[in-house]
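Two complexes, one shared chain (chain A), two partners (chain B, chain C).
The block that comes next holds the complex of A and B.
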């Protein structure tokens, strides 16, 4: 695959969502996730809805237009609730979606809000039964006297119908807000992590889960760090990692003991004393952790950078990429408008050669690991003509602004790209701006 | 409903058929459960050609409907025309065997296994075996997991060519890409080995077993431990060492605690399967390691097996093995850091005394019992107390009584009411073993104190406990020790305690007999009918109803009746109600 900084160019493919600038809170996209084949793409929003897009069968006549994603199914996954015991409102916002490996003709996904995880089945139906004994097909009852024989209904073809049905509800296991869910490669368990604990569930059992990590101190005043993200290793079923607000990542081996309070590896980069400031701890907090597909590396995202760690080296990352270093001088105002607490996610491309993450002003960044090149692109309505090539953007960090450069001061911090996803094989990416989902793909020559 | 022209008998069936597609799940479920009625009405021909095709395509339905359907189809052979046509049931069961719900799939497989027996050998090869193959090579892992459960039922009844194919399919599934399928194969490995010829067990099964036991996923490896039991039972003793033991040794030292847990959990079965020689040489050290495992879950599982393991050791040097190898580990477990380990041990440790005999028990086990009786965790103490009978037979309980008493007293006063409840339940057993004298001296006060516990469940259990004690020690003992104290509570200022008197009388009257009931209890009950608390008064009515049958008719007429009649005119509604009920039950009106 050609790197994004090299020959490859990205072009606009589709944009989903309303066009007007007036954004309804419920429409804000809160998570984006491709399934394992890339044929389906799911988004979750603050209104508790899940929308699934399906890639159309490729059009052989127009090879330059790769198949588009169209709405396949939309359903309300979570509803707002109220915890009467604690007097707490539970938002319906979908925090994470994870697809399960396909096990039969239907598709399954886990979706979670702050407290409750649900397993959904998305299935197709193309037949319907026909033929009643006691009534006509339109519902009118027949005269029972006319029944002289029995009729067994037959199934006849009908228009394809996609149904989403809740199969399991995993509730009441989290005191704090769930930030991550991750399906294990053993196909039967998954983990869910909140601020202080990680639980292990069997996908078929909803009435109990096992607590595998608990960092809650006996006295909450001694609390110094929280869990920010957790993920299972893609191949080793016994390994998972969790990241903390202090910028460390712990790798745990579930074979060693039932309670994984003692990590087997601790990934931590010594702090550079020259960069120390009031904001050091806040910006070092890890907002996302993702294993590479091959399981050799993991990527972490903190406020200003993306780091790639080799699982075999704990003392420093093998690669560090600056996402928006020009913000370092703006941390004070970013603290005041709370942007410094934004949780940016990150993702790998299909062969782990490129990583992607979001930034402000609807910019998103790609880093080509082999060629050590990076690129800033923008998701905007102006670029939304079919197959229009995205122009790389440049932010001017100070000094004299060149033509085509954008000044740091003119960046719009309300337009942020927190959630992105990369097709598991192809160069197709999904980028969520506030309430729009952009799909881009590489330009096919 | 059906008119004169229609066929009366058709109407209910027509309803059932229509409800197969009703919106309401409950109605669909009802219809599916009466599927045999529908099939009977349709006759075998239409069942085969119309009903079954319809059912084959209903896999969209709710799990509970599908589960019921899968179960029904297992008993459908006669309804489709007998064994000759049994293969017509395969298509719907095949589609049920691919759904995502494990319970439904398992039920479909169970029904398939059942009807496989009704296939003729020819049909088995023509219809059943192709289905197994289709499932085994299905695209989705749900179908492949289902296939794993079907090999063993068709293997014994097919030709040798087909047998070779089946073995090949099983082999393929054992190395499937999905752990789900490998787990299904691993869990059926033992069952499949049982129907295989011994040569194939040695050539095929052993290599599969070894591969599964070293699978990269521990969820697969742990299932191989179970298969180990069945395989070891099938092999001649001389082959065990070379074919099974290397794998078993490896499992007992697996890096994953879940695999070691499984070994500990299956230890008794493994011990029986490999026989006494290997047990002595291999399993004893393995068991020692499991008792010392770094993971508490494993230690607890092993601790649970201590008694069974020791019991099953070869008798000739059992005592020596236990004393030199097992007991030192057990001693360490008594002071384990994990309370689940200690309480697992406490639930079986007393059993060792019968195996080791009086002298060893006094010298080696008794200090351990005593230490556990003083354990900080109530569950440990309770487990020791609940198993006292084992020691009683060997050394007599007197040896323990000095330590027993403080332990019992402490549990009796534990802050958690469930702990108090548990010890009350052992009281009759303890009383029986300690004897009446010891009981009167040390435990009687406790039993009485529970009657005024502030938790109702404890007061209730204490009442029931008194009844059991009276059954054990007799009416005379009751009259001297219990009844006066119980009746004394009738004057307690707390109405809850006064009610406890009534509850005790209810429980004790029968065991104490007519004399005590009439002469001592009845006057107290009658006096309480003037209580100012209505709850006490209506409980008087209930008590009178309860003890009425024990009294003689004279007392009933002259003493009980007037009181009940008075209560029946009480100002309180409930008092009236229960008084009237008592009058009518005792036929005093």
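The block that comes next holds the complex of A and C.
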């Protein structure tokens, strides 16, 4: 990645989370998301908790350090539930978090598990009232006979307290497991998608939603594909896309009809016959779809690659980047150890010039679209000295392994980076390993 | 195809099927219930493995003859780069497929056995949805649930035809149990 000063270098900034190797399942990070200014960074985990980090005011004494992220708020968003009708446990794992654009002093985010979406308000309290007429300072009620005067309570400063309160609960609208939520640019509505249906909600109304996509076949035996991700266009409030397990993306226009089963555009790349294999279907399933910030492109992630699509061209992507092509010959083993089902996410940087996604062995990959360059970096405790520059990594696919290269067989497939996020304006990235959150920033020259 | 390679393919297909079925059963006890997407992908893999398994079993029984008898097979491009033992890596058949001339079949089993396996799998296309297999209804493989009694409508049990080993993705005994995976939701 060449900036004005040459190649971009990434430095370690912080790591959050426990150090021990014994990972509690509840601590496994399941989603990471910056808010619209990048000041707040939210993570969700398998235990149903949301942790929000806030970027502190920049340290004027050390200008080469960008501000650090510190814990701002932690709350339990979802609890495990039980569906008595189906005798099914509903996991509390947070599948997605999406921030709402800020309109007043409080921050709002949507968090969802498999079945229920919740709107959380995060607000600060730094003053408290003092001087009640009827109550003592400790809350005990005064003896009315002792009250001789009347006064107005005053607000006095207190230590900052950040409160999270659930403002809306959007429940009972999904038969299948929710995989995506996306806030509309109209600031009023949002969509939620499960395996077979997409619903449109109004942020104010919890007791009803509109079903806008339904791909459930009349006979379930004829099911051939499911919805894997969905997102609203960042600028056009009538447009959204959803990806499928067959590797297709459909763009829908809500103005066309109430039920958007008929797509406006279908994005599909014909399969390369020479790459056909027994597991072709699994690896072509799209695990994530993200619009670029400017709304002209969208990016999809399947098991082995990242593809950039121009919204005006449906028959093939404009760019394809191989994330870890060396795994193509390992698909059988990856099927046996379940890794082939891993759902990797992807993200754009602020000006849509670079895209990033995760891989195995705690590697993550960046692709510079303009420079046609790619880089592999590693999130590890070994490279976590303050401001330590990350050295690019290389995987040796076969043949003679050079020094500093890692052979494919040495990769740790238990160490996977599924969730990454890029600050909307700055070169700060958040990368989630199994239970740690790494924050890297580019080296300010 | 020799009986040995058919056996190897058979064994690999069985292995994949066994792995898939155990995954399917394991997912029933998973927290959060059955995942539709995962079950769909599993059933696709199982379907392909099952078809290959049945094809290779037929070939095992019928095709003691040299490969020249397999003219009717539809094949795809030969998989050249098999780095790891992955016998089930096989190209899918395009709708209009080319017939592979018998001369491409390797003469000896030693020469690039992986390539040979790949070729064999080309021959055992799983995508012949329209062809009904008129194979002998063999005893259900031990890894499948014992639902032998259910036959697809129209499927008859009769001896295998003494023709070339047709690669068929037709219904088989296990078809119903696979088709029932998804409607379980």
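Criterion: the second predicted complex is superposed on the first by the 432 of 445 C-alpha atoms of A that agree within 3 Å, B and C clash if a C-alpha of one lies under 4 Å from a C-alpha of the other, contacts with A are read in each partner's own complex, and residues count from 1 in each chain.
Rule of thumb we're sticking to: contacts are C-beta pairs under 8 Å (C-beta built on N, C-alpha and C of every residue); 3 or more make two chains touch, one makes a residue touch a chain.
Not measured: the values here are computed from a predicted model.
Novice: Touching A:236 in the superposition: chain B (first), chain C (second), both, neither?
Specialist: Once the two structures are laid over each other on A, A:236 reaches chain B alone.
Novice: Looking at the overlay, does A:335 come into contact with chain B only (first), chain C only (second), both, or neither?
Specialist: second
Novice: Please work out whether A:388 is in contact with chain B alone, chain C alone, both, or neither, and reply first, second, both or neither.
Specialist: neither
Novice: Where does A:86 make contact in the superposed view: on chain B (first), on chain C (second), on both, or on neither?
Specialist: Second partner only, chain C.
Novice: Considering only the touch criterion stated at the top, classify A:202 as touching first (chain B), second (chain C), both, or neither.
Specialist: So A:202 meets neither chain B nor chain C here.
Novice: Report for A:185: first if it touches chain B alone, second if chain C alone, otherwise both or neither.
Specialist: first
Novice: Residue numbers of chain B touching chain A in their complex, please.
Specialist: 1-7, 10-11, 13-15, 17-18, 20-21, 41-42, 46, 50-51, 53-54, 57-58, 60, 98-100, 102, 140-143, 178-180, 183, 216-219, 254-258, 294-297
Novice: Which bits of chain A are touching chain C when the two form their complex?
Specialist: Counting only chain A, the residues touching chain C are 86, 88-91, 93, 114, 176-177, 195-196, 219-221, 223-226, 228, 245, 273-274, 276-282, 285, 329-333, 335-336, 338, 341, 398.
Novice: Please name which positions on chain C make contact with chain A in the complex.
Specialist: Result: residues 16, 19, 23, 31-33, 35-38, 40-41, 44-45, 48-49, 76-77, 79, 81-84, 86, 88-92, 94, 121, 179-180, 182-183, 185 of chain C touch chain A.
Novice: Sort out for me which residues of chain A touch chain B in the complex.
Specialist: Residues 101-106, 108, 121, 123, 125, 127, 129, 132-135, 143-155, 167, 185-188, 204, 236-238, 254-258 of chain A touch chain B in their complex.
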